[in-house]
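By written order: A, B, C and D. Residues from 1 in each chain.
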């Protein structure tokens, strides 16, 4: 029935969000929100889901075949877990500043909506959650962001809405075509395979690709991302990069590819080109940035390209690796945004050249930053490598040229990440440096980063734990 | 699985890992000055274990075990494993022993540096990475340690991060290695698709080479060589190595002698069963090696910074090793790798002692001169190593280097000519260095007498390791036969490698060339004491050619600038300036269109009715024609 | 006959519409409005007379009543414009626009 | 059918008429304005209750009640309630005018004949002209707006009559069941232009921003929901005369043009009522597209759920938005700056409404747009559909801009004094359904049952 653990999983944070608002005082709301996010993390981790959608909810039919239907498989579970985990990180990282109750509530709403996206098995429900995600993020950027936040918030919302509208049209078309073929109105994600043929299939797939692609984001639909990331508060960036970008790839995995298994395979050269361009273009753009946050943002574009490579390769290892890379990117980029946020909080600067020689006074910050940077550029033994390597291994099997592009991206990653790292943490303190304002990490921040970095190391050396959860859910898509 | 592992195989990993963890978490926070103790103990354990492993392999044969799953997806999987065969245990023994002694040296060298704990942690990580690299049983795991070596070297080269040159060198080293890693990673990926189900394990890959798609195998071979050119500093990617001198001297010694640069040669030897079958590749390796060896040898003769001379000498000798491997003389190549590890370590440590004695972080020949009286022990060690490097009987270098050069002579007259030049240049530059530093001082040299500084020998920490390694630089060459039998243990290609036994009388042409080189350098350093300074002043153009490595360094700088320019164009001009601008402009355009459209609403009701009439007209037209 | 009646009907309607579009004096525009309504009414009456449809004729009467009500409201609005001290011309009433 | 049965059909209209007489009488008897207002509210509530309990039936030649009329009647009366509650009534005039206009709408709902439609149209419009003229205490601009409204509306009425004459002449009847043909098509087109005028379709809309801007906010809410719903009903009746005719097929294009024009024009408006006026054009475009799709799919009343739901959702959203303007006294976008902090409750409700107007899930506006798009898709109206998607994007642009004003902009140093009126209760009453109706699709099942009555 409706009141199943899965409902609680998404509803708990949303109800919590309202309660946090009702608490009014920012301090109390903060403590409450963190407690709630921890509970939902524990709840998610302990959910007794089993392979084969053992946990599923289907409510009564509403109208036109719309159901309240949720289900959880390995893919959903890892995404939900990532979401719950990064929410905890984001919230705890926000403790350093005075925040109003609305701030905490917004993150809980965001968490709940994201859970819904990863749980929904009805297209209507999926779309509703997909869009609801935008609302708290819009306020997070617009209310608690930095200088250019207003513009960035509106741009973020409009840009992603553009993709969503196209996606909605695609979904509508699918549902209508199924009705034409079978006489049944249903918004179920299952059973849509083959309802669209010919030009309709092409058009629908294109619409879905744009819809999911804006979120990923795929080049050239990416320009909202650097602005949104740059202006969002650190915790917002963590959620944005850590979880929200994953919605796009999740959409490909959950909807676009299962519904169009053959078409997406025939389009492999084009999709692969998109992914390859993402990797290379993202890396080059990151190389040109002088703002730390923008740099990490562009690096996200490149990293998500690896996920796409793996997913589009449609091999068992590629799909698993691409999905794992979603988690990896969440941890790594989450940590990086967290630290850039810490730098910004202390110095109110983000420019790479605003800093210098931070090593001397902030050794722990330096340690964690270099650790995360190394994970980010795919140093084997850490998480980033596993995801990238498996994705590219899939690619190498089906389209070796794609692997070439991917490996070139790995190479370029070092070229953009290390100079930035060096300029900030090594080197001289320039005349305009604000390094003297930067103090080393507090115990709270250290604890967060230890968790993140140990996670990176764990996945890097023992990814099979997560992979054994992901693979059964994704291998059905392999050809 | 672990049951079959001998204790020493466990210890080569367990000791360094636990030492690093203990030092980082327990010792460093409380007694930072003691950070090196767990690490030194670990070095001793590793050195002993490595020797034991070599003995074990020598007597009982190779060991190849898969220890744990790494990445698994369905039937696709990669695992962690250990391969201790002749090749790995031989190199491992040298790396472990030389590396351990360099650790001891570093304990003295870094005594007064306040960042000593950080140094030792990375230093030991570097060592650990090299051990892992040598003992991997599959390509992907090898790649893991390959990258880890690069990472550790990055932090060590940039150890003195406040120095701009150190930062630049660290970055260059890492990035150039990454460019090489492009080849390795791609090769590993292609391996996995060319040999499905192999898990990239050597034992699964090599027997199947003949059955795999030839085009893929060919690509893999060339890519692996590309990777090796970066790590082992071969043309075209050699140029990071001379700059990597910016780190502390023990780092240079470890990097040049025992770890890092030998990895590429090791990779080629390891992959020989695959590379041997790729058309033209072995010859390419040989020629690249020869060209690198000769070019770097010439440049080494023009350098004045002591460590730089040695750095180019390393590049040159790596070229010799590559030449050996390329000619199919894997045994000779690996033999040279091992002997080179010893004598190069001595040379670097001596250079460190000289700089230390002069009270400077680095020294040039201008600052030295006539040190024979003030640093006699260093002089002796340096001389031994220089003889070894020059390939003079009965020192170690003679047996290995001349074996390679002999093979080159056998290959053909062209290669033979190049090999002769290499032999001559090796002797020339190392004796030039020896004479310039220890004889004299010449009129242009300070002879260390600056600011009333008292020149002295280094302490025991720095002296004893040099002495011990010097013994190796003398003797290791005598064990070629044993090496040959060791290498044949678990050798995966058809023909076991041979280590040619050089006889002093048969090798007279090489010896003659070496002596000629030594004599020439005596002529131009001591008989004509000012020549080394004069030619530079007389022909600056020529000096510039050498200083730019025959123009290769500016070319590479141009490439780097081109990448930066391209990224600026893409990331700032195209992405932000054009594309994003266009998107924003479309939104602004819509708003402006709204402003312009507002002019239609004139406020006059007559106009409103006119518009209505127009609308009705459209409707009526639709009725007429639709 | 049909054509003649409809020609008159359309012509009157067009004249009314033209007054509405071209003239600025509100009273003249009101005149045009009445002209339009009555021109249309001619069509109704003619249609009803052809078939002798009583419903049609009563419809015409109703339309006349509605037109009268409309005229009253129009005049009262024009009066309001007078009272606010503005001349009753559409050119004056252009404060709202854009 | 007996006269009594017809009378039963007309019960809500009779209540309204009685209320109208009662209000006038009470006014002459000098009852307090408060009492008069209560009488009006009572009449509207009574009409709503009776309309809700009515049993649709065929009626006679002039009136009849089908599912469409039944459902729309509910919208009409419900949409009048915010105005009834919020309006300032100093005498009996304004309440009487409101009741008169509502009576016209009620007649429209039960019309089974073109003449009745005309009478309903005129009766709903004429009081509206006067209500506009009386807005803001009879300000100059209000009179100006009324004049424009009157002349443009008069012209529309004339066009309707000309179409009626043509239709009658060629079909020999004023009922909905003519034989069709070119004369009928032309007549429908002319009459339909009056309906398009009422809805505010491009290019017959130019009166609309002026009128919406110059009226009291609550009146604008009424005009943009109740009267617009009347126009939509008129349009649907006319389109149903010839569902495959030229007029019906032209509708999607008018809809697309209207929504793009409205959305673009709204983007640069500074005055809130004018902005919302153009935004209501954008919504009107969606509705017209929905009607076009409905006609293309056969124009059966039961299939009108999309349009009905849109109107119902729009009723809450727009009345809510205008009651926010009433409650806070905000007139320009600059007035909104910092309101999120100064007046968090009203701002939160307005934010919900803005998201709903923008069509963001889970609000009612989302489901409304979804249904329209879906209907258009089913009717193969692909290009208008894409234009509608573009329109939705443009529309979101100005709603987000308002959200930005509300929350992200700081209040200016000396904030202009606003004149807050009542309306918070109405605001929240509108905001809650607008927020949740989007994830309550079972409402649709209920609606289609109503429409099929």
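For the reader, a short list of remarks on this structure follows.
We adopt the following convention: a residue touches a chain if its C-beta (ideal position, glycine included) is under 8 Å from a C-beta of that chain, and two chains touch if they have at least 3 such contacts.
In this text the structure is predicted, and so the values were computed from the model without any measurement.
Chain pairs A-B and A-D differ in how many C-beta pairs are in contact, and the one with more is A-B. Nearest to the global CA centroid, when each chain is reduced to the mean of its CA atoms, is chain A. Distance between chain A and chain B, defined via averaged C-alpha coordinates, is recorded as 37 Å. The geometric centre of chain A is 64 Å away from that of chain C, both derived from CA atoms. Centre-to-centre, using mean CA coordinates, chain A is 42 Å away from chain D.
Here the spacing of chain C and chain D, counted between their Cα centres, is 26 Å. Shared contact sites, meaning residues of chain A that touch two or more other chains, fall at 158.
Contact of a single residue of chain D with at least two other chains is seen at positions 147-148, 151, 155, 159, 209-210, 397. Counting partners per residue, chain C has 17, 20, 29, 90, 93-98 as the residues that reach two or more other chains. By the definition of touch given earlier, these chain pairs are in contact: A-B, A-D, B-C, B-D, C-D.
Within the complex formed with chain B, the residues of chain C that make contact are 17, 20-24, 29, 90-91, 93-98.
Those residues of chain A lying in contact with chain B across their complex are 155, 158-159, 220, 223, 226, 281, 284-289, 298, 315-317, 319-321, 357, 359, 370, 374, 379-381, 385-386, 389-390, 392-393, 395-397, 400, 403-404, 407-408, 410-411, 414-416, 418-419, 422, 425-428, 461-464, 467-468, 470-471, 475, 478.
Every residue of chain A that touches chain D in the complex is listed here, in rising order: 62-64, 66, 124, 127-132, 134-135, 138-139, 142-143, 149-150, 153-154, 157-158, 161-162, 165-166, 168-169, 172-173, 175-176.
Across the complex, chain B meets chain A through its residues 69-76, 140, 143-144, 147-148, 151, 154-155, 158, 161-162, 164, 167, 170-171, 174-175, 178-179, 181-182, 185-186, 188-190, 192-193, 196, 563-564, 566-568, 570-572, 575-576, 579-580, 583-584, 587. If you check the complex, the residues on chain B that touch chain C are 598-599, 601-606, 609-610, 613.
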